[in-house]
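Got some structures for you, see below.
Each of the two complexes below includes chain A, the first together with chain B, the second together with chain C.
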Partner chain A sequence: MTPASTDLTILALLSPFAAAAIAPVLTRYLKHNAAWLLAVVPALIFLQFATMIGPVSEGAKILPALHWVPSYGVDLSYLIDGLALTFALLISGIGTFIILYAGGYLKGHPQQGRFFSFLFLFMGAMLGVVTADNLITLFIYWELTSITSFLLIGFDHLRAASRRAALQALVVTGGGGLALLAGFVTIITVTGHMSLTELLSDPEALRGSEFYLPIFLLVLGGAFTKSAQFPFHFWLPNAMEAPTPVSAFLHSATMVKAGVYLLMRLHPVLGDTELWTTVLPLFGGATLLVGTILGMRQTDLKLMLAYTTVASLGLLVMLTGTSVNKALEGAVLYLLAHSLFKGALFMVAGTIDHEAGTRDITRLGGLRGAMPVTFVAASLAALSMCGLPPFIGFIAKEILYEGTLEVGSGLVVTAVAVLGNALMFAIAAAVVLKPFFGPKVETPKHAHEGPVLLFAGPVALSVTGLVAALLAHTTGELFVAPTLSSLLGEAAHVELHLVPAHVGMPLLLSLVTVALGVGFYLSLARVRGAIAGALTAIGWGPDKGFDQFVAGLVMIATAVTRGVQRGRMQTYMTAVFAITALSLLLPLALADGLPEMPSFPEFRFYEWGIFAIAVVGLAAVLTAANRLTAIVSLGIQGFAVALIFMLFGAPDLSFTQFMVETLSVVILALVMTRLDLTPADHRPFAAKVATAIIASAVGAGFMLTLMSITQRPFDTRLSEFFAEYSRVIAHGRNIVNVIIVDFRGFDTLGEIAVVVLTGLCVLALIRVRTRTTSEFDDGAGEEALAKPQDLSNRAVHAPVLEAKG
Partner chain B sequence: METGLSVLIGLFFAVSVYLMLSRHLVRILLGIAILGNAVNLLIFTAGRLTREVPPLIPEHLYTLVTETANPLPQALVLTAIVISFSFFAFLLVLAFRAYQELGTDDANEMRVAEPEDDPLPPQGY
Partner chain C sequence: MNTIIFRTIAPYLAALMILFSIFVLLRGHNEPGGGFIGGLIAASALAIYGIACGVTSVRRAIRVHPMSLAAFGLFIAALAGLPSLVLKQSYMTTQFVELHAFGTQIDLLTPMLFDLGVYFVVVGAISSIALALEERESD
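And now, the complex of A and B:
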């Protein structure tokens, strides 16, 4: 790959983020017509990727890269092979039409610019997911898609249902994302490979590892939540609260397939084990059936489509889980087909809603004449979804049946696939036949054809589904074969024909599917009633469970907060000091760090005297019954400390301590005389004893720790350094001063800043008058206010500021 | 020597913690003032004690030749004294203003931020 095209590719991958930044500005000036201009961005990205179709279909891997955080080995490196390219083309291609569609759908919406912005952010993130080579980069993009999905689902944030759906999607996919991160970290630790390229070139590294099971489960946790596999399927139908362009783009064509992408991407290294071929088909099959059955129950077009999306994702996971070549080929084809027809059908559902005012199929009918273009697009897409020729959906179904028949437990897998497909057939038929055929029903709005912005997307996607089938051979060569090669980890050959080469089991199964589907469609009303009855009988589902989970979480959080945060400072302080005492004493006792029994210290008589003064000062503070005694006693112990500094060779400290103590006593005296408070302790005796025990424990802890430290040898290197260089390089003889103003000058600068800041805070505290006091409307507060205070404030103010100087 | 001072420092800590565990602002303030002294003495003593000789380089010399007190803890403590003083001054004014506004010096009765009958947080979305 030439440097120029590397730059272009990286530019293409990052351009959606730039588009997200300019979209609101453009929309402000051009209104909904900005969509035409903005759609150029994904179109150009599509063209850039289209240039790679040739080389990639010949087996090349394109690896554009930029160093990002080299010290951690995190690179902005990309891997573009068949799988990545197919996804990238789908994202940018469908994205182009979604942008146009969003222009028409949210025409006149005050936040349309923001909406475009979110869509572009998502597009950039999703392109990143499918092209990222570095596992960490992949994870970051993965989480970005979850976040943008949250923003888009909650776009209409004034409705509680939107907020709930957004939060639910974020919690479920974000939780899965965490599992995925753990999985990736385990993969990196076990194999030492940070990039997919390295990982894929070492296919046995994971399968043979003893950590295979945890890695498998963690990766599945990410993939299953993102791709809405049972029992995590519930967030996807709820995500339909989002505006329809979002449902069409994120929640059918692209984002929800990220999980499938991940499984396909890691298939060469994780797949084809007994665990893989058991768990994936099991959950995939269950999701397929649950999705279609729940879909049959719905009458809302978007919800019907949403549940079939769940079902289709289940089908894809089931097929990926078989690890049979033919079934994997079917999965790739179905993936292509599904993105095209489901994207189109969602946009059709949105158009119907937009033009007719409802999406309920029981209130729609006979729109065929009023909306002919939409009708044609819907029919083409639905025929593909039904798996009828000559559409890509038909070829996909033929191949996947061929594949399921080859699986070990083929009968079960095939039966599940046939049943699921038949139910999807019925839903697809209902989605088109109910609104467009039959007698014309009066709708809330007078229905007519939507503008070109609305029908361009459905037409383009459904026609692509037809063309891809008509040019089956080319589709197979350019898209399916390279993608399949990525899944298998070796070159694959794919031969696709629109007309089945021979009449065999797959064609027969297709006929059975169609027959069953027609049967289901005809008995739709009865089936719907039966399912609704059964669901009411069960009464509980994961969706309700989510509500209970959130309510429980809030309750636990409240209880914990109430328990820990009692609003009593004494409780907090007691906890802090009890833990301080424990953390000082326990290590000493456990690690045998207790000091040796010291000999009786040898002090000179005046030293004893000063110690005695300090002790007397402390005792007097403790027992002081009035303010003045307390203040004076505080001064006594402070001056004793100053004398201790003096005796042990620290005259600077001594000076400072004298000044500070004097100032403290003066300020304290000034403030205390304004406060009519006694320093005496009025608590009951038992409370005093409990406090005394904790206080003694803290004191003993510090005492023993200090003894134990001073009994060990002392490392004097740092002090010697200062002593040696103080005069030589800093030209000062007072080493303490040199350290403060020179060696550690920045510390002193910080100290001065703290003092200045404290001074400002004091000033603010005094200056802020009692305007806000009326908010604390308790009688006591008013009483205190009533006192004349201006004088006292000035009195406190002056000395405090002086002290700062 | 260090041992003897350790006992004294333990006493300083015990007294300051005892005072801080009281409910009354005045006692808490006194405790904080003493805590500053306790910590400063702790740092000072941990750097080992030397009697009377300050860390000054004689006029005619370029490095220390005689045994002097350890300059490093002194530099640290010098900073700490000033910081703990400004901290004390701030707390003092804060306590004073709190008493003016709230009309109580009992920490347990200061419940403006966390009222006793605080309603539950919202349960919905």
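And now, the complex of A and C:
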């Protein structure tokens, strides 16, 4: 691969993010017509990937890379082989039409620009997932798809249902993402490989590892949540709250397939073990049946499609889980077919909703005259979904039946596949027959054909499904074979025919599927009632479980917070200082032993003077009649310390100490004037003694720690380094300042960021207090205001620590 | 505290302190001083001015919200690390220009810009807290 083409590929992979930035601006000027211009971006990405079809189908792997964080081995490296390329083409190809479709669907929506932006962000993230080579990069893209899908599902954020669906999707897929991260880290630790390329070239590294089980479970946690496998399937139908372009893009061809992608991608290293071929078909099969059965119950077009998507994902996982070559080939073909027909059908459902005003099949009918183009597109896509010839869905079903028959437990797997496919047949038939055929039904809006923007996508995708089947041989050579090679980890040969070579079991099973499907379709109303009754009888589902889980979490969090944050300043202070004292004194008492008491040195007269100032300050604090005086007197101590710094050659520190003391006293005094504190301390004697003990313990702790530090031999390497280099490297003679702004400038940057944030927080706290003053009684007011004082101290002292360090 | 003497002197004192804080800031790289201590001095100057003449005068005098000063400081501090990236060195590698003016050599360093950022952060953050605490009647 030439460098220029490498750059182009990386550019293509990053361009959606740039498009996301300009989309709102373009939309402001061009309104919905911006879609035409914006769709050029994914189209160009598609073309860039299309140039790779030739080399990849000949077995080449394309590995464009940029170094990102070389010190941690995190590279922006990509791996484009058959599997990645097929996905990338689907994402960018379907993405092109989704952008157009979004232009028509959200025409006139005030936030259309933002919507385009989110779509592009998602597209960039998804392209990254399927092409990333580095595991950490893959994870980052993976999480980015969760976050962007959160934004997309919650796009209509004024509706509570949207918000809930978005949050649910984020919690489920984000939680799975965390499991995935743990899985990846374990993989990296066990094998030492950070990139997929290395990992895939070492196929036995994981299967033979004693950590195979945890890795398997963690990766599955990521894949199953993302791909909505039972029992995590519930978020996907709820995500139908999103505008239809989102469903057509995320929930048919892209995001939900990320889990399947991951399983397929790791199949060469994780697959073909007893665990794999047991767990995956089990959950995949369950998902297939649950999805189709729940789908039968629905009358909302989008929900019917959503549940069949769940079912299809189950089918894909089941097939991937068999680790049988023919079944994997079926999975690849079905993946291709499903992306094409499901994307088209979702868009059709949206168009019907958009033009007729409802997507409830019981309120639709006879639309084929009013919406002829949409009708044709819908029929082509549905025929593919039903698995009828001459569509890609038919070929996929033939191959997958052929595959399931080869599986060890072939009978069960095949039976599940046939049953699932038959149910999907019935739903596909209902999706097309109910709205378009039969007598014309009065719809909320007067139905008519949608604009080009709306029907371009469904037509293109459904026709592609037809053409891919008619050119079956080419499809097999260019797409299926290279993808299958990625799954197997070795070159694969695929021979596809539209007309089955011989009349065998697969064809027979297809006929059974169709017959069963027709039967289910005819008894749709009865089946629907039966399922609804059964579900009511059960009365609990994972969706409800999710709510209970969240409610429980909130309850525990509240209880913990109430337990820890009692809202009494005195308790906080006592806890903080008691723990400080313990952490200073315990190590000395247990491990280091007490330092030797130094002999009392000869003091010069001015040193005696400073000592006297400190003692006077202490006395003033202890005897002060009111609290304000005590605080101001505390400043005397601070100045004494500053003088000591000055005398012993730390002018910077001394300066800082002077200023900090001054400002602390000023701010403390200001805080005190705003507190509704009693001027003097009227606590009982016992409480005062306890406080005094804690205070003395902290003081003694600091003293002893400092003494034991200074009694150790002083390592001068650092001082010498700074003395030698501060002038040479950093052009400064003041070592303290050079350390702060140059040698350890990055630390300082972090610290000043903390100072700014602290300032903001204190400001917010003061404002909150001002607004709610009347709500506080004396005691609570004290608590609310004691905090800013606490924080401002921190703000002032934080950089001082730096100066000392 | 709010005597006529204090109120008369405070503006001059504050101005002098600000001047001194800039002096301390600029000499920081070679002599005791620097952005942090300079910022503290400037913050005290503003606090004194505020106590004497009222928060409104201070806010008028500095024109922008003190928190904006802090944010600006953080911004230029972060910016100060960037020039080295152009030369393909690590972030925050010191860059410098030697100027000869007024018969003496002056080193202009990127850490000075950084130090200026620290100065603004400290002034901004502390005085926004102090001012917010001082103006109790107005809000």
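The rule is short, and it goes like this: the second predicted complex is superposed on the first by the 577 of 805 C-alpha atoms of A that agree within 3 Å, B and C clash if a C-alpha of one lies under 4 Å from a C-alpha of the other, contacts with A are read in each partner's own complex, and residues count from 1 in each chain.
By definition in this document, a residue touches a chain if its C-beta (ideal position, glycine included) is under 8 Å from a C-beta of that chain, and two chains touch if they have at least 3 such contacts.
Given the structure is predicted, the values throughout are model-derived calculations rather than measurements.
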Message: Going by the contact rule set out at the top, does A:Ile729 touch chain B (first), chain C (second), both, or neither?
response: second
Task: Have a look at where A:Val671 lands relative to chain B and chain C in the superposition and call it first, second, both or neither.
output: both
Message: By the touch definition at the top of the document, which applies to A:Thr362: first (chain B), second (chain C), both, or neither?
response: neither
Query: Counting only touches as set out at the top, which of chain B and chain C does A:Thr691 meet: first, second, both, neither?
result: first
Query: Where does A:Gln637 make contact in the superposed view: on chain B (first), on chain C (second), on both, or on neither?
result: first
Contacts of A:Phe702 with chain B and chain C, given as first, second, both or neither: first
- request: Kindly classify A:Ser409 by the partners it touches after superposition: chain B alone (first), chain C alone (second), both, or neither?
  value: neither
Message: Can you tell me whether chain B or chain C touches more residues on chain A?
response: B
Task: Classify the contacts of A:Arg767 with the two partner chains as first (chain B alone), second (chain C alone), both, or neither.
output: second
Message: A:Leu622 in the overlay: touching chain B, chain C, both, or neither? Say first, second, both or neither.
response: first
- request: Would you tell me the residues on chain A in contact with chain B in one complex that are also in contact with chain C in the other?
  value: 651-652, 656, 660, 663, 667, 671, 674, 733-734, 736, 740, 748, 755, 758-759, 762, 766, 770, 796, 803
Message: Quick check on the complex: what are the chain A residues that touch chain B?
response: 160, 163-164, 167, 550-551, 554, 557-558, 565, 567-570, 573-574, 577, 595, 598-599, 601-603, 611, 614-615, 618, 621-622, 627, 630, 634, 637-638, 641, 644-645, 647-653, 656-657, 660, 663-664, 667-668, 671-672, 674-675, 677-679, 681-683, 691-692, 694-696, 698-700, 702-704, 706-707, 709-710, 714, 716, 718-719, 722-724, 726-728, 733-736, 739-740, 744, 747-748, 751, 754-755, 758-759, 761-762, 765-766, 770, 773, 776, 778-785, 787, 789, 796, 800, 803-804
Message: Looking at the complex, which residues from chain B come into contact with chain A?
response: 1-15, 17-27, 29-30, 33-34, 37-38, 40-42, 44-59, 61-64, 68-72, 74-75, 77-79, 81-83, 85-90, 92-94, 96-97, 99-105, 107-108, 110-116, 120-121, 123-125
Message: Quick check: in the complex, which residue numbers of chain C touch chain A?
response: 24, 28-37, 40-41, 43-44, 47, 51, 67, 70-71, 73-74, 77-78, 81, 91-92, 94, 96, 107, 109, 111-112, 114-115, 117-118, 121-122, 124-126, 128-130, 132-134, 136, 139
Message: Quick check: in the complex, which residue numbers of chain A touch chain C?
response: 651-652, 655-656, 659-660, 662-663, 666-667, 670-671, 673-674, 729-734, 736-738, 740-742, 745-746, 748-749, 752-753, 755-756, 758-760, 762-763, 766-767, 770, 788, 792, 795-796, 799, 803
